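Heads up, there are several structures right after this.
The two complexes that follow have chain A in common; it is paired with chain B in the first and with chain C in the second.
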Partner chain A sequence: MITITDVTKSYGDETVLGPVTGQIAKGGVTSLVGPNGAGKSTLMTIIGRLLEPSEGSVTVGGLDVQAAKSRDLAQMMSILRQENHITARLTVRELVAFGRFPHSQGRLTDEDHRHVDLALDFLGLGPLAERFLDQLSGGQRQRAFVAMVLAQDTEYVLLDEPLNNLDMKHAVLMMRRLRDAADELGKTIVIIVHDINVAAAYSDRIIAMRDGTIAYSGTAAEIMRSDILSEVFDTPIEVHELAGRPIAVFDPMAQSVTHDAVRTDEESAVASV
Partner chain B sequence: MIPTTTRRILLTATVVGVGALVVASLLVGGYDISLLGLLTDPAQREMFLISRVPRTLALVFAAVAMSISGVIMQMITQNKFVEPTTAGTAQWAGLGLLVGLILIPGASPIVKMVLACLFAFVGTGIFLAVLRRLASRSSIIVPLVGIMLGAVVGAATTYLANSFGLLQSLASWRSGGFSNIVRGFYEPLWIVSIIAVLAFVVADRFTVAGLGKDLATNAGVNYDRIVLLGVTMVALATGVTTVVVGFIPFLGLVVPNLVSMVLGDDLRKNLPWVAVVGVGLLLACDLIGRLIVAPMEIPASVVMGAIGAALFIAIVLRQRRSVYA
Partner chain C sequence: MPRLDLETPDMDAAAVAASPSRRVRFPAPHIPQLSPKARLVLVAALVVVAAACYLFLFIRGSFAFSIDRRLTMLGAMTIAAFTQGLGTVVFHTVTNNRILTPAVMGFDSLYTLMQTLMVFFFGGAALAQTEGIPKLLTQTALMVVFATILYRWLFSGRFGSLFVLLLVGVVFGMAFESLSTFVQRLLDPTDYDLLATRLFGRMSNVEAGYLPIAAAICVVVGVLLWRRRHRLDTLLLGRETATNLGVSYTRELTTMLVVIALLVALSTALVGPMTFFGFIVAILSYQFAGTHRHAYVLPMAFLLGMLTLVAGQFLLQHVVGSSGMLSVVIEFVGGILFIALLLRKGKL
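Here is the complex of A and B:
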């Protein structure tokens, strides 16, 4: 279980996150959704101890992420950020093998090699394993980073926009793989997804964030409602049933930009309603 | 990617070539030394042990120090163009050496080395602190910042040297050469072998650091501690090399980039090759400097500067092509 207690993040006077309090249950796929700047990535990087919160604390599997030893955490939780630009020239296999670092400290055992091969297969990277990362397309590179995190074989896996750069085929494959990891291997997967329909199709739970706080959280069916999505994304969204699934549809004629000043007015309007 | 057979041929050729260079470096010089003479003539043997062996060993150690320092700095800054002379580390070491000369006239080499290493450490720390505050960490901006810092420190060093009448010592230091290396003078360089072994032991951690702070933290590595270790090793290697030999530009930049093209950047795999290629390149530069104006000499660092600058430009152009292709 991931427990978030009164977490805030401020830069100077500006608070970009929180206070956020909540829990993410063990097992299954949880998606964080919300508009740009809602604080999804900030929250995830704080959970993954890559960013220090201004206030509050986070525990993952009972370990306080700010206090626990980084190596202990790395054996239990992995995190992949959205942008991973690396200048080092490594092959796909070398990169994925570094996912085993928390377990083997660089001296790979047979068990480590098995996990590396498994992760490469899992994301269809077998034929590309000996290629250098700078010889791959953006989508292939993205899969290599996800494979690295999966090779780490941690109970908790946090992924910020794992579908970045992936075409529809690979996006679906990736989500099914993550679903499998949750169902068959019992992993707790937390992802940030931009496409609300993708989140609905593959998640057990959805956490909708807005303005640095958690606006709604619940099952896909509970969140996939026109009123909730319209409010969270601040744009008219309709939800239709299609092939037995709720599908969110945006309004092509919606006013494209809502200025901050206007939004503040709207917020007070919503509050008074 | 370069095919495996081509790679194997390249690596074998490298080993044979560097071996030949070591032998050549031992045999070439003003005093005639031949393999046969070494066995029969005690005078030749004496000369060999006093002058040739120390010179070749000094070349080997200096080359290992600079190329390994280069590769470590490139990992901890995630930038392919950083090395002791483009980050200001060597210039700071020079300033430390000069401060030693001014404050403690007649100081022992050990004292000078300690000062050079300390200054190199502080200077590299300043460089990294500036980088952390930098909004843009583009591949060209980072070494430019280092070169600028190095130039400022170099200017201060020149000013100080001028004020205290030490310009001549400064000039000999800046044109790092190996002509006056003899027995009893180069021995501190043995510390480089310890640093090289340590670098190999912690190679994986440097590679993980090379993935950047976030991925390194995810792998359970204390990133700041690795950076500190790296800076310490670089400062020691650069400081000692600076005091004994002088300033050797571009070696730490060119060699890791050449090796990376063939083998990639997994340090456990490529570190021995970085050392070997570095030794080969510096030996070649030293030999060229000894041969083209014989019996006079051009310092190895001057030859290295000329060859290194050309290689540097070639690498930059190559990288541009691969980025924008």
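Here is the complex of A and C:
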């Protein structure tokens, strides 16, 4: 279980997150959704101990993430950030093999190689395994990073926008893989996604964030409501039943409630040019 | 298994070019047939040949005298290659860039300043009395403590961009140097003489007595780095990913800064300041090692450093006929390479 207690994050005078208190139960897929700048990544990197909270504490599987030994945490929780840059020139396989570091400290055993191959296969990277990362497309590279985190084989997996750059096929494949990992291997998966319909289709719980706090949280059915989504995303969204699933649909002509003035300004500016 | 990736190479290239996260890289000479191990063996063989040529060819006059002199100089070159090569590679790794080097960031100016201040406050007599190895060790320890504190503060993430860091480093270096020059003006002439002989180590007139202790320190550092080679590899992924993999970044940074300060102090004390030598050697070793793994890159940096110095000295001494020019030539070439890479990458 992940417990978040009174967590806040401030930069200077500006509080960008919190106070947030909540729990994410063990097992299943939890999606964090919300508009840009809502604090999703901030919350996730704090849970993943990559960012120190200004106040409050987080425990994952009973370990306080700020106090526990980094290595112990790495064997239990893995996190992939939204952006990933690497100075060195690595092949896909070398990158994925790094995921085994918490278990083998760099000396790969047969067991480690098995995990690496599994993770590569899992994301359809087999044919690309010997390519260098800078020879991949954006989506392929994204899958390589996700494969590294999966090779880490941890109970808790935190992924910040794993669907970034992925086409529809690979997005669906990846979500199904994550779903399987939760159902069959009992992993706890927390992901940040922007496509609310993807979140609804694959997750057990959805946490909707807005302005640095948790606005709503509940099952997909509870969150997939026109009023809730319109409020969280600050834009008119309708929810329709399609093929037995709730589907959120945006209005192509919509103008955001609070950004109306700005938008019309821009439009008139464009029109006058 | 279904083939998931059917993109044509053209599309791939376009996607890569369009991706904002792509870094401009130095072109790698492609010799893919050679394994990293074979490359190390090859370069090691070249080093042995160069060292043999340097030691035994063109001896005029007393054989014993020449060999003795040349052995001392070879020892100095070994220490310089080791300290500068490994120091720079490790620095690049922990600071996650391949442009800044300890020398560019003012490590050796800091060393000069501390030497100068020591003479200023305790006098040249004190310096002369505490001659020898204990003094060398004390000085090195002091330098290590200060450099670690200062650079840990600098690299703790408060300067977001490497350009700012580069600027801060250069400014620090200049400030340390000016301060040293200023304090040196205040010294009385005897003290200054004592200091000058201490400060401006030269590869061609190294104090042979210091070589054993320097070699011992290098061995200790070498063992320490070797044991951490895998952890260093993870640092290449950047602070966050390394943390995710269970590596305590701050602890590694501190440890490595201690090591780097130690190496720079040793190198400066023994052979004098060298700004771009470590840079050349590190950049070349990334190209020639054929892997990112420190198990290969670190030995490669040492060997390439040896090769540059020994072959360079041999050629200058016997072909060009000006033996004192080596560091000048290296600094010149290195400086040009540094600027060329800066301009080419357009960013750090």
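Heads up, the rule we're going with is that the second predicted complex is superposed on the first by the 256 of 273 C-alpha atoms of A that agree within 3 Å, B and C clash if a C-alpha of one lies under 4 Å from a C-alpha of the other, contacts with A are read in each partner's own complex, and residues count from 1 in each chain.
Note that a contact is a pair of C-beta atoms (placed from the backbone, for glycine too) under 8 Å apart; a residue touches a chain by one contact, two chains touch by 3 or more.
This is a predicted model, so every value here is computed, not measured.
Annotation: superposed three-chain arrangement on chain A; chain B versus chain C shows a clash. Contact with both chain B and chain C is seen for A:50 once the two complexes are overlaid on the shared chain.
Within the superposed three-chain model, A:16 lies out of touch with both chain B and chain C [touch as defined at top].
After overlaying the two complexes on the shared chain, residue contacts for A:78 are found with chain B and with chain C alike. Once the two complexes are overlaid on the shared chain, A:70 sits against chain B and chain C alike. Using the contact criterion defined above for the overlaid structures, shared-chain residue A:138 touches chain C, although it does not reach chain B.
In the superposition on chain A, A:170 contacts chain C only, with no contact to chain B. When both complexes are overlaid on chain A, the residue A:130 reaches chain B alone and has no touch with chain C. In the superposed model, more residues of chain A are touched by C than by the other of chain B and chain C. Overlap of the chain B and chain C contact sets on chain A: residues 48-50, 70-75, 78-81, 84-90, 94, 98-99, 101-102, 105-106, 134-135, 149, 152.
Residues 48-50, 70-75, 78-81, 84-91, 94-95, 98-99, 101-102, 105-106, 130-132, 134-135, 149, 152 of chain A are the ones touching chain B in the complex. Contacts from chain B toward chain A in the complex involve residues 1, 74-75, 78-80, 139, 203-205, 207-208, 210-215, 217-222, 260, 264-266, 268, 322. Residue ranges on chain A touching chain C, taken from their complex, read 45, 48-50, 70-75, 78-81, 83-90, 94, 98-99, 101-102, 105-107, 121, 124, 126-128, 134-141, 149, 152, 170, 173.
Residues of chain C touching chain A in their complex: 1-5, 7, 11-12, 15-16, 18-19, 21-23, 25, 28, 92, 96-98, 229-231, 233-234, 236-238, 240-241, 243-248, 292.
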